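Taking it in order: structure first as structure tokens, then the write-up.
Per-chain residue numbering starts at 1, and chain names A, B, C and D are given in the order in which the chains are listed.
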Amino acid sequence: MESDSLRSPKFMRQTLRYVTYGDISAKAANMLAQPEVSDFFTRLIQRVSPKSYNQALAEVTVSQKFLENFSGDQVRFLARSFAVPGNHLGQQSHGYRWPYGPVAIVTPFNFPLEIPLLQLMGALYMGNKPILKVDSKVSIVMEQMLRLLHECGLPKEDADFINTDGITMNRFLLKANPQMTLFTGSSRVAEKLAADLKGRVKLEDAGFDWKILGPDVQEVDYVAWVCDQDAYACSGQKCSAQSILFMHENWASSGLISKMKDLAGRRKLEDLTIGPVLTVTTETMREHIEKLLEIPGAKLLFGGEPLENHSIPKVYGALQPTAVFVPIREILKDYNFELVTREIFGPFQIITDYKQDELQMVLDACERMHAHLTAALVSNDPLFLQDVLGRSVNGTTYVGIRARTTGAPQNHWFGPAGDPRGAGIGTPEAIKLVWSCHREIIFDIGPLPTHWELPPPT
Amino acid sequence: MESDSLRSPKFMRQTLRYVTYGDISAKAANMLAQPEVSDFFTRLIQRVSPKSYNQALAEVTVSQKFLENFSGDQVRFLARSFAVPGNHLGQQSHGYRWPYGPVAIVTPFNFPLEIPLLQLMGALYMGNKPILKVDSKVSIVMEQMLRLLHECGLPKEDADFINTDGITMNRFLLKANPQMTLFTGSSRVAEKLAADLKGRVKLEDAGFDWKILGPDVQEVDYVAWVCDQDAYACSGQKCSAQSILFMHENWASSGLISKMKDLAGRRKLEDLTIGPVLTVTTETMREHIEKLLEIPGAKLLFGGEPLENHSIPKVYGALQPTAVFVPIREILKDYNFELVTREIFGPFQIITDYKQDELQMVLDACERMHAHLTAALVSNDPLFLQDVLGRSVNGTTYVGIRARTTGAPQNHWFGPAGDPRGAGIGTPEAIKLVWSCHREIIFDIGPLPTHWELPPPT
Amino acid sequence: MESDSLRSPKFMRQTLRYVTYGDISAKAANMLAQPEVSDFFTRLIQRVSPKSYNQALAEVTVSQKFLENFSGDQVRFLARSFAVPGNHLGQQSHGYRWPYGPVAIVTPFNFPLEIPLLQLMGALYMGNKPILKVDSKVSIVMEQMLRLLHECGLPKEDADFINTDGITMNRFLLKANPQMTLFTGSSRVAEKLAADLKGRVKLEDAGFDWKILGPDVQEVDYVAWVCDQDAYACSGQKCSAQSILFMHENWASSGLISKMKDLAGRRKLEDLTIGPVLTVTTETMREHIEKLLEIPGAKLLFGGEPLENHSIPKVYGALQPTAVFVPIREILKDYNFELVTREIFGPFQIITDYKQDELQMVLDACERMHAHLTAALVSNDPLFLQDVLGRSVNGTTYVGIRARTTGAPQNHWFGPAGDPRGAGIGTPEAIKLVWSCHREIIFDIGPLPTHWELPPPT
Amino acid sequence: MESDSLRSPKFMRQTLRYVTYGDISAKAANMLAQPEVSDFFTRLIQRVSPKSYNQALAEVTVSQKFLENFSGDQVRFLARSFAVPGNHLGQQSHGYRWPYGPVAIVTPFNFPLEIPLLQLMGALYMGNKPILKVDSKVSIVMEQMLRLLHECGLPKEDADFINTDGITMNRFLLKANPQMTLFTGSSRVAEKLAADLKGRVKLEDAGFDWKILGPDVQEVDYVAWVCDQDAYACSGQKCSAQSILFMHENWASSGLISKMKDLAGRRKLEDLTIGPVLTVTTETMREHIEKLLEIPGAKLLFGGEPLENHSIPKVYGALQPTAVFVPIREILKDYNFELVTREIFGPFQIITDYKQDELQMVLDACERMHAHLTAALVSNDPLFLQDVLGRSVNGTTYVGIRARTTGAPQNHWFGPAGDPRGAGIGTPEAIKLVWSCHREIIFDIGPLPTHWELPPPT
């Protein structure tokens, strides 16, 4: 825990490194594409993070594709710079993406492989020297992945890996003072870190993510299925999980709620399609539901009961997939708003509806939520989409009849919007934005004008 | 000072606005190109900020060119987004540069027109609603410019202008909590703001800017002139002013120092080529010089005396252009380093030299400086340039025999590097980075696969 | 007419030129924004090219905005290059947009100002030495504009202007052999030039432009008005003019045709909203109509008669705005297709309709047309748009309920697609593609590896 | 040979295809990285194209890296489009890279794997339907590679492969009339094709490639080795082979020529470091040498004799690595120039020298050469480099002390400059430029202005 371990801003300016990392990525992508390796990591994820085989496999697949994306010359292509002619012969300005030097990465329990791997590689691709801390409950996954990366050629001195609790890590960061710290996790810790590190951070914190169903009702079975996955896959423990659903009145007679209830009923503990909640106890969730049901017009749509026949320890939560209806006019009242939009990191969502002339109320509610991570706008009506998109700010926003809030892949940006500290993950744009800064180098080599004469001072 | 005045994230999403701002810029550029308007602003700047006519005129010229750059369709071109095909028919991901919404701008005394104008327009171009505070000693310049902009079509409700002191502004920002605050000014205030606003800032603070003369001695008259301008124009009150000069031993016999002394001697109070220092008193500067001269081997190269025959009030400084030599080995000693690299925002520089095999010491010194704004590398030796550039991080770095540290125009990036909070100014890249964030919108309109069937839950 | 006049590939590599052209553009944009200058050019266009005041004014406005777009530093920004790290220290590859050197521009009668000005400036911006020939009937407009440009600082030796007929110009081009020739005009001449110059051309030839009305009927008055403008403004003498209209059966009862007939009836010779046709005689057009009416099911919808009470010479055409209906099944027959899709460069269009299950026939017809310039798809149905866009190739394609085929501004690309010889006009992308080529310069300055040893030969 | 086989412009508009091609590339890259597969293709190349193992292996390696580069999502990233806001709400213009549809590829004997594979995949990545013809002497290599690609998932109907002679292929192209034909090969055929196909071509033809040694003499052993490889590897049968060397007078006493002679002497038939010339007979080359030696001041530097002890058939050439010196003033004479700059596609080069004040003569010579493919500028003098680069146009230009003319990898552009028909190969920029065109789609979905009223006609 010596701060010098981070101090090496001269690190990795050699061109060759870009080529090496293309090779490492190609090899690691190929290893992770082997069925036995993929299965190993999928089951390892399941051992520490309660999710179904397919949900865990999705992490491995996204990681594998990400590594493929930065094979060959694609790492050096990330370092692409630009140049513009200057004011006179011999002058030219160059804009580079430059590494920060020593950086830190802190990632949470719910995606033990995907989040730390993608951010770690992004930091390395751009030429930084990262130290990585993964939530200690799940860090074994990344520990195994680092061994795989070393096998594929990652030099051991390029990245540091630390196993510790959050408080110690906070002390470490304050002492080591890295040039940049990427934090993925709870809003509370994010805000504290931002102040502690005086803003030298990029953040991807949790969000109270919304979905709006537009006026054009269609493909109800499909929409119900997407709602079920968005709200309850991984027992709702994704930062992109659907927290609130706004239904246009036209959906009232579509049977959507009843279909969602049926789908929720398919989930079972045996295959972890529903399972333990790591950061909220059953009791806390049930108290929250009770409070919500005191709001006039509120009602329990389905769920609400504890899971049965299980050995989940009391420190964790165990709740059926649950939905509570609250009228939109009640949500907007000042004394209800904070309660209704409290994020429960578990299998729980709020459902409400709105009339044709109440869209403004929906947008007001969305704007008042404090984090703006993912959102979904289920409609194929172009004028409706245009209107809502133009008046909202969520970072990763899915629109169209197939819109979802979860399941972001490696091929598009994932991250919040509206905050200068917001991080992204995985795409070339995200890597460049999070893991490098602009540096301008202006070449001005002459020659001097033929008859240059000393000008007066100014 | 009602925080609601900032709260309008829905602001300016209408396409038309981009076109309007192209028109405003074209008109304002044209007005500012009129000799009488240009002269008016140049003299107005001189009234409040002590600099020569040509230095003040440069601000007006840069501002005028900047406005030309964003004429016509160029504002909407800043809003250029991109799209990539998705995983199935009907899916496509779009990456937008999205406005933050309510933002704040705080700018210093030394560039009363250029800094606030460029940042204000950048904020508006990207669709934000800015509130602007300029240092109250000089805010009359921007107050006049806003009137010009209103005349050119800027809607009065688009931008707020506030006249106040720094303490009140700090309270205002804490209460209003803008999505982003751009601060240009001292490092001390910058760090405080960053903590107060939990990192929702972009900063361009002062720097202890270095220049290195390489082994290839040439064009000595020209280099001496550039050094004189870099160190003493605007009486050294530019954040890019040359604070320290590292001379390769080959320059010892070139007469460079003696030429610099002669050039410094040309500066006079009458035309403000030397003048009042607004933030450091004469006494403070002289005490600093005394302390430096106690270092073994240190010596006064020229200057060091107070200006004479003037009516500059005691609260300001009045010092001859001054250079103090300190041996490089002394600079690097822990108990000297902080003293030597203390930024004096006035007509003052440190000069040192290094032998062929002491380059590493120079680079160590540069790396230990805490801010990394501008730098200059005076050499046309490609291997030397490659070596030093690869081991340094300053933001705006001029290299080549004509390299300078000051005088950045509007056509290339100006700003620090190595810090995720670092701001840039003026170029399309700077505007997009500082005044907008990434928002990803994924269209997923279908159609569904022909025989879609409900999958099992995951 | 000495070929040496074109031979100067070394031309204009000096950085300074980019800055000069930004100044010229700003000045010219400002002059053209003066009402008296704008009015002068509008009326001058009207004297030689028969169009209404507003249509002629649109040319001036587009030209003025284009010049604004390339004010200040925007010309040098066009020359932006990129760089990527190489395989070892000291190696870096740079991709430049490089001028061709000597180039030629040949433009037609129908846009006497906009087309030659935008292409000429594009050629100059990218560093070429152009020779310009405008159709001699209208070249006085560009001759006056060149004088304005000279006044704004355009060096007289930078661009050559030639007044001659097409045959002489062809001989000139064969002898001078410019590196690139931009031709805008008829398909016949375009194909001949392409063969004569062995493909060293970029072409923007006429097109048989289509509009498809989708299944969602709405805003009928608006759509009728756009159809009237697309087909008959400038008496149909735009290369983007609507040549054929495919109506979905749902529009049958909307009254669209009757509204279009009423709108066509408003056009009159006095204000040139209908006027002389320069390249097709009245007789030719009437014969064409007669032949079409022999097709089974064909009928005259409106127009078809010569204009009356005029002094238009016999060598020109003078026809009422005319529409002929032909059934879609007849259009697709081999012996009808060529006749129906013959381009009449005058106030004439084909109208047809299609049933819900006949969309494939519409697309087959569009694909068989030989030029693919503009197109319009009038619908807000996202799945319909997606389907038709994915199966068509026209270059500039407007979609949505406000879609049109004509009136392209300077802010988006205008040009054909599907042909490697296709030119674009006006936007940064068009200028870079048409007026420059890729040049890759790989810097490989060393140093050599420390212990480099001679390898065996390969 | 039915032209309908090419007619499918609707081909491959489905999003999914982009993803499929990322998978195919990843799998093929991985297969080609297996030592036994790599060795198989290397030896197969050697069987048909006379080059050393390492030269053949380089083709395989470049191909493998290229496939890695377009793994995962990188094919869909090639299809990245952009969008810009329009003039009113609901309007937005999108710029796409659009496929041509049916295209053809014709490639030569000297790179039996690299050239056809990279161009074929480029065509497929961008969504075209290609037909590929490889020189029939070597087409077995690509035939085997296609089987590998099919194994990796390439749908058999996506690409056609034709084995035929050039005359038949020419007839085929004229009948089938593909939207675009990529031709790599001799200038003579290229020019004929360009006229036959009326310019619907992209060309990469042979070049008379130059190297200039600048005034700063250094690393003579290294430079001699690079010259040897550039001129004689693959027996000079690369389109980028060094055809002429211009030496600054400072190199006279460096021993460079003598070192080059020694290096040439190491080449031997057994390992194919020198070998058969496929398109020029021994006799033809010797006659050419004789003619050159008649020029006043010309002399044979080394080589010039036929190879001995071999069974190379008479229809091929067999010559020692050869260099002929010709004085620069003689080269420039009109009656010598064509002779001296005649491209001999074999192990042959011209060497000349120039004095400090004769640089203009060197540049004149380079400009008069008709093709501008590769070039090298061996110098680390920044002002010299700037001067020569600014006055030359060759496409792929290496500069610096390590500059070469051959051995272009997949990570930077390779292709000629200065010609609108010029093709590039391998990089994302080359693929996009050669295999797609710009298509602009402008969405204009409304809504109409609230109180829209019918305007008068224009």
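A few remarks follow.
Following the convention adopted for this analysis, a contact is a pair of C-beta atoms (placed from the backbone, for glycine too) under 8 Å apart; a residue touches a chain by one contact, two chains touch by 3 or more.
Here is each chain with its UniProt name: A, B, C, D = L-glutamate gamma-semialdehyde dehydrogenase protein.
Everything numeric in this text was worked out from a predicted model, so none of it was measured.
Looking for a copy of the B-C interface in A-D, C-D or B-D, one arrives at A-D, which has over half of the same contact pairs by residue number. Interface comparison, A-C versus A-B: the higher number of contacting C-beta pairs is recorded for A-B.
Chain A and chain B have Cα centroids separated by 33 Å. Each chain gets a centre from the mean of its Cα atoms; for chain A and chain C, those two points are 45 Å apart.
Of all residues in chain C, those touching 2 or more other chains are 14, 73, 76-77, 84, 86-87, 89-91, 380, 382-383, 400, 411, 445-446, listed in ascending order. Taken in their complex, chain B has these residues touching chain D: 14-16, 18-19, 73, 76-77, 79-92, 94, 380, 382-383, 400. Put simply, chain D touches chain A in their complex at residues 22, 26, 29-30, 33, 65-69, 71-74, 76-77, 89-90, 382-383, 386, 410-411, 428, 445-447. Looking at the complex, you find that chain D touches chain C at residues 9-10, 13-14, 52, 54-55, 84, 86-87, 90-91, 93, 95, 98, 100-101, 179-180, 191, 194-195, 197-202, 219, 221-222, 225, 228-229, 232-233, 263, 266-267, 273, 363, 367, 380, 389-391, 393-404, 409, 411-415, 417-422, 424, 429-430, 433, 437-446, 448, 452, 454-458.
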